[in-house]
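Going in written order, the chains are labelled A, B, C and D, and every chain counts its residues from 1.
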Amino acid sequence: MINLAAIVLMLLGLYALLTTKHIIKMVVGLNVFEVGLNLFVITIGFNKDGIAPILTGSNSIKDFVDPLPQAIVLTAIVIGFGITAVALMVARKIHEQYGTYDINEIGGK
Amino acid sequence: MNLLSILAVLIVGGLAAYLLSKANKLLGAITTILTTVLSFVMLFGIKDQIGSTETFLYFNFQLTEIGWYFAFVLSLTYGMSAFYNVCYKDKFMYPNSYAMLYILSLGGSLGLFFAKDFITFFVFWELVVWTSAFIIPLGKSRRASFIYYVVSSIGSMATLFAIMWIYKLTGTMMIKEALMSVDLNFWPSVILFMTFILSGLTKIGIFPFHVWLPLAHGSAPHTFSPILSGGLVKLGAYVAYLSVAVFPSYEIFGEGWMYRGIPLPIYFLMVLGAISIIIGTVMAIKQDDAKKLLAFSSVANGGYILIGILMMDEITFAGGLLHLFAHAVASATAFLTITAVAYRTGTTKISELGGMIHRMPITYTVYLISIISMAGIPPMAGFVSKWLILQGLASKGLIIIAFAAFFGSIGSFMYVFRPLAAVFLGQLAPKHENLKEAPIMMLIPMILMTIITLTVGVVPKLVLNFIVDVQAEAGIKVVSMTGGALDVFNGYLDATRVFVIFGFGFLIALVLFLLMPKTRSVSLMDTYTSAEFIYTPELLHYAHDFYAPFERLYKNHPSTLKLYERASLKLKEIGLFVDYAFMNQRPATSIMWILIIVTIVTIGGAF
Amino acid sequence: MKYSVILIALPLLLAFLSMFIKKGKENLLYLGMLINVMLLFVLEQGTYLIGGFERPFGITLVIDQYSYIAVLLVNLLFFFSIISNYKQIGKHSTVLLTLLAGVNGLVMTGDLFNLFVFLEITTISAYILTTSNKNYVGTFNYIIVSAVGSSLYLLGVIMLYAGYGTLDFRTMTEAISESNMSVMLPMLFIFAGLSVEAKLLPFNGWVKGVFSKANGLVGTMLASIIATAMLFVMGRMLNVLITDSLIMDLALTIGIITLVLGELSAYNSKSIKDVLLYSSIGQSGLVTILMISGLIFPAIIVIINNGIAKLIMFTIADEATKEKDDFKGFFSNHQLMGIAFTVASFSLIGLPLFMGFYAKLNSLIGLFEMNLLLPALLLLVTIVEGAYLIRLNIKLWYLGEEGTATTEIEKASQKPSLSMIVATLVLAASLIAVGLMPEVLGDSITDKSLLNEKQIEYMTDLKGGM
Amino acid sequence: MKKVLALLLLATLAFMTITLVVDNNLLPDFGETKVENSVSDTYIKQNAMGENQDIKFGETKNLEIGSANAITGIVAGYRSFDTLGEVTVLFISALGVSLMIGTTDSWMKRSQSGFILRVGSKAILPILMIVGVYIITHGHLSPGGGFQGGAMIASAMLLLSLSDHEFMPKIKAFKMLEGLSGTIYILIGLVGMILMGHFLQNIDQTGTIGELFSAGLIPVVYLFIGLKVGSELTGIISDFMKKEANI
């Protein structure tokens, strides 16, 4: 059920992107979208009776959960961070240039 | 001395002209004369090598009768007009590229006539198109060259479509085999025929595509207009020949709807030719700029040539090809004379000129003879060809087309007379008092061309022999000539006898003219009417809107140029819509479009 | 074959090293670029295993006949773009190095997720390059839209992984062809994600904001180098991975819409850069159509032709509109650049004797096999394309108002750099050379003469090659 | 009006994707993914090179990757090319942010931080640093690794700069550290290529699974990644604190 929740989360992020006028809110919407995506990626590897894929004295490798989606999510999160950092800096430069965060006023100029 | 050597001379000559004229302009102009005249002479050298094939890189060439005939006509007009480059050398922004493009466009057209396969044909065709597209803006208007390029690219893209379609059907690119072995049922082959001939129509300037002709000829550099109307327009006739003679159009369309022996698609094209004759004549009468007037006359004569070639019987076909030669020479000469006048006076507007006969008598006589040939009056070559075309049309009983042809001939008297009366006759304006005759370099080609028109008019056999070879090659019944006289279905035409009678009549007129008392010529400008002082005397000059009453008949006529402009505006609006709908700088719009596409596809996928 | 990974690792190494030196970062850029070009001579086809693990487990860099051309083209275009616009590098030399690594990775990688990572590297370097034209709103729009696009791509890849358990390109294609599971949804996301960066119509809202004020360097990087890499990636996807019929029809319709609307809006725009940006949108639409209908060989020639022509035209366009926006008669005193620009625009239209003509003929042969409508559409669009490019050329060459013939030429205002003239002329010469003798492209591509055989089906080993 | 349309569009999209995700035969239902039919089965059993041995904690020696944490095995072993790419992504975004902010040393004026923050941060800081370093070094044994540890170190730096405002301007070395660790990471890869034949290939002796010095080069790689991520994040934070040079 969580993968459906992940899809809904993604669409919420897109809803924010579609309707908001404030550019910082757009970046937030983008982040919500990416969190939803990462959640979906995690649920792909989930197995009901699996355990975390870390070998310790007490467990054995037979009942591991699929580690690959988790490795992919690691990279996706860091990339999402990189994009958000650049987007926020550009938003700040827009604010300095136009003095407002509202996309309609910016578009007008 | 073979096919490749001529093309090599032209291509190398073009590049050499570019470099030489960078050094000094006169040298560049002289190279243009040398290369074009050399190519004209070399043509006669290879007359006996008909059928020989050559290949270079992936182009392969073959010398055919029709190719030789067209090359002969074109290199003649190019050679004669090249003489003008010497006098016009420092009147251009880029003299060096003008010389190069001038020669390359001739190279392109010759390569086109000798092409054996479609790729070579299309490569040289485009070479001609973009070289001339870059010469025209050297003249007055940039827009003319843009419209010229668009209309001719409509034609060339349609022909490329037909070529590739044929390649898909027959698998070979060789013109002869490909066109022969096309087997489609009726309607697809009509589409193929129409798209293939389209580039010819755009080049000749037939009705829907005649829009660029007045603009391009009117505003092209003065020395290039004779080439445009004399030479480059004839390329279209070659394509028309290919699509009618080589492509077995009469057999393929044979079983479809026929009208007096002419299949439907070909008859439709002849109607288009007729319409363009009427439009060309009627619009030419109305023009005030001499070059635009002559441009419209090329539209009209293009119609004659197309009708002639499409008929494919021994009389009209020969008339069409002969008219091709006669019109090329006559209209080139007329343009050359107007250029000579423009060289001296700087303007080609008819209403601003007058009385050139007093200062430029030779130019006047040359112009007189060229318009006699253009109008189709007996002693000149134009008469023979128009007479043949009209004979053929009448014998086949095509009433509508024949009516248009007659209308065109009568109309041509009116529009050729307008520059004659307004530019050459009448009073000399004070500012043209100390005008001199055109320089020697301009007089040579003018006189040569008039001699050619006269001799062909008197002895049409000279050119008809070439046409006979072409007809034999195309498999049409050959026009029969008994001792210099052409036999036509109701009698024969002996051009030399006609010339003798006209010459005798001319002599009598000359004697009468000399004996009669002289008239007193009054200077036009000191007009005086009932103590009212005229501030703008030139308005009363009769050259000013010469045919006003006739023009009022069709004052607000529909113009196809408006049609093209409206279409281009429609396209621009679509472009604007794209700019507005997709390209505003809000992320929301692009994401909205992505989501709409994804939703539509998911809905489609679910069912 | 070892050298293929150096093409990526070396620029990254130099990028990291450039943090140490304050001034003279450009020398590292020139060094990296030169080494990459020299490596091209040693490049040969094969699969390079990263980390030594076999195909489905480790990441592989694959150079088959398809990506061999792509790597050659991308590195050479980068080299020429830097040479001709070296004045505008400024502080961007490190970003350009990572862009070089990212673009090489995009073209060579054989792993779907690795493609996502390199896509991100390329796009983020592109974001930072575009900030140089101070149009931050355009950059912001570009960031948001292509971030959403690449996330959609990742969503598609993950769905395919969930179904088939592998991330490697070739094992995935084999698994898809064997099984008959419904793969419509993931392929839809993959196509949507990639077409944002490949500038297909409904997805490319960001293009105008980024290009219309881009300077020479940024313009050529985006329109020529990244566009070429993305079109090669798109070609690989459309041809090998996307096999669902619904998505293929979708791709065909989007390709046609992009081609037609792109060219029409180019016809409508006034400034040089708008014309160029819409024309590159049109060209990517054309490539999509050719790729979807299986005509890989003409599509490659179109990509090469578009890459070279855009590089020449963007550099010269930036030079032309540097001082005053009215570029009328600019070539009257820069004739060499004028010749290069005209050759590039003729090759773009597809006039004979240029590479564009060779591409157009082959695509027409291929399209005619399918039906009569596509070639007719292609030729109609060529008329519109010819119209606006010739109008642009005439405006650039000829001075003078509408009614008057001009004879004098005004004095040259600024002196373009010698390397720009040399670079553009060399590229223009390459366009002509290929047009005259198509075998110049190297026998690996055209082992058939120009036209006698039907378009060669060389991509058979691609189906297995990746 | 726009909101309603957007809502409608997204509702249909949600309904469509959910029906497609739930009842299509491609995606296994939630919770039933079998590891066997996917590549990660070999990642867990670490038999990509062929020899298949059952892995027991503390005994098996010289595995392919030899890291107890399978995810670190993938991130820094099997698919370490992705991680290299990802580190470059972070590197470029840090660089981009500093390029955009320009070379200015005028910092935003901020009010004096509160008493609790100043004292509290002194207490929390050492714990944060120790845990961060621990997570970086034990990446191949316990959950976490270079990225997570680096983030913790960066948050420690942020806490420090929040408490006293003169701290951040004093740091100059981050750019150097960033460049250094990136270069070493690639050098490891190149050394792997020269020694072992393939770029980023791990050495053979990967020690016994579960010990600190096991899994060959992976802890070394993760160490430098941790330093790099820490310095980059701090660099980004310090850039955001700077005032725009009014050029």
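Annotations
What we mean here is this: contacts are C-beta pairs under 8 Å (C-beta built on N, C-alpha and C of every residue); 3 or more make two chains touch, one makes a residue touch a chain.
Since the model is a prediction, treat every value here as computed from it, not as a measurement.
For the pairs B-D and A-C, the count of C-beta pairs in contact is higher at A-C. Distances from each chain's CA mean to the overall CA mean are smallest for chain C. The centroid of the Cα atoms in chain B and the matching centroid in chain D are 75 Å apart. Centre-to-centre spacing of chain A and chain C amounts to 29 Å, using the average Cα coordinate of each chain. Put simply, the C-alpha centre of chain A and that of chain B have 68 angstrom between them.
Averaged Cα coordinates give chain A a centre that lies 15 Å from the centre of chain D.
Looking at chain B, residues 584-587, 591-592, 595-596, 598, 602, 605 sit in touch with two or more other chains.
Annotation for chain C: residues touching 2 or more other chains are 113, 117, 120, 124, 127-128, 131, 137, 140, 144, 148, 159, 161-162, 167, 182, 184-185.
Residue positions of chain A touching 2 or more other chains, listed in rising order: 14, 17-19, 26, 44, 68, 75, 79, 82-83, 86, 90, 93, 103, 106-107.
Contacts between chains leave no pair untouched here, as each chain touches all the others. Residues of chain A touching chain C in their complex: 10, 14, 17, 23, 26-27, 30, 33-34, 37, 40-41, 44, 68-69, 72, 75-76, 79, 82-83, 86-87, 90-91, 93-94, 97-98, 103, 106-107. Within the complex formed with chain B, the chain D residues making contact are 6, 9-10, 12-13, 16-17, 19-20. Across the complex, chain A is touched by residues 2-3, 6-7, 9-10, 13-14, 17-18, 21-22, 27, 30-35, 38-40, 43-45, 54-58, 68-71, 73-75, 79, 82-83, 85-86, 89-90, 92-94, 96-97, 100-101, 141-143, 147, 209-210, 229, 236, 239-240, 244 of chain D.
Taken together, the chain B residues at the contact with chain D in this complex read 592, 595-596, 598-599, 602-603, 605-606. Chain D makes touch with chain C in their complex at residues 17, 20-21, 24-28, 33, 37-40, 42-43, 48-49, 77-82, 84-86, 88-89, 91-93, 95-96, 99-100, 175-176, 178-180, 182-183, 186-187, 189-190, 192-193, 196-202.
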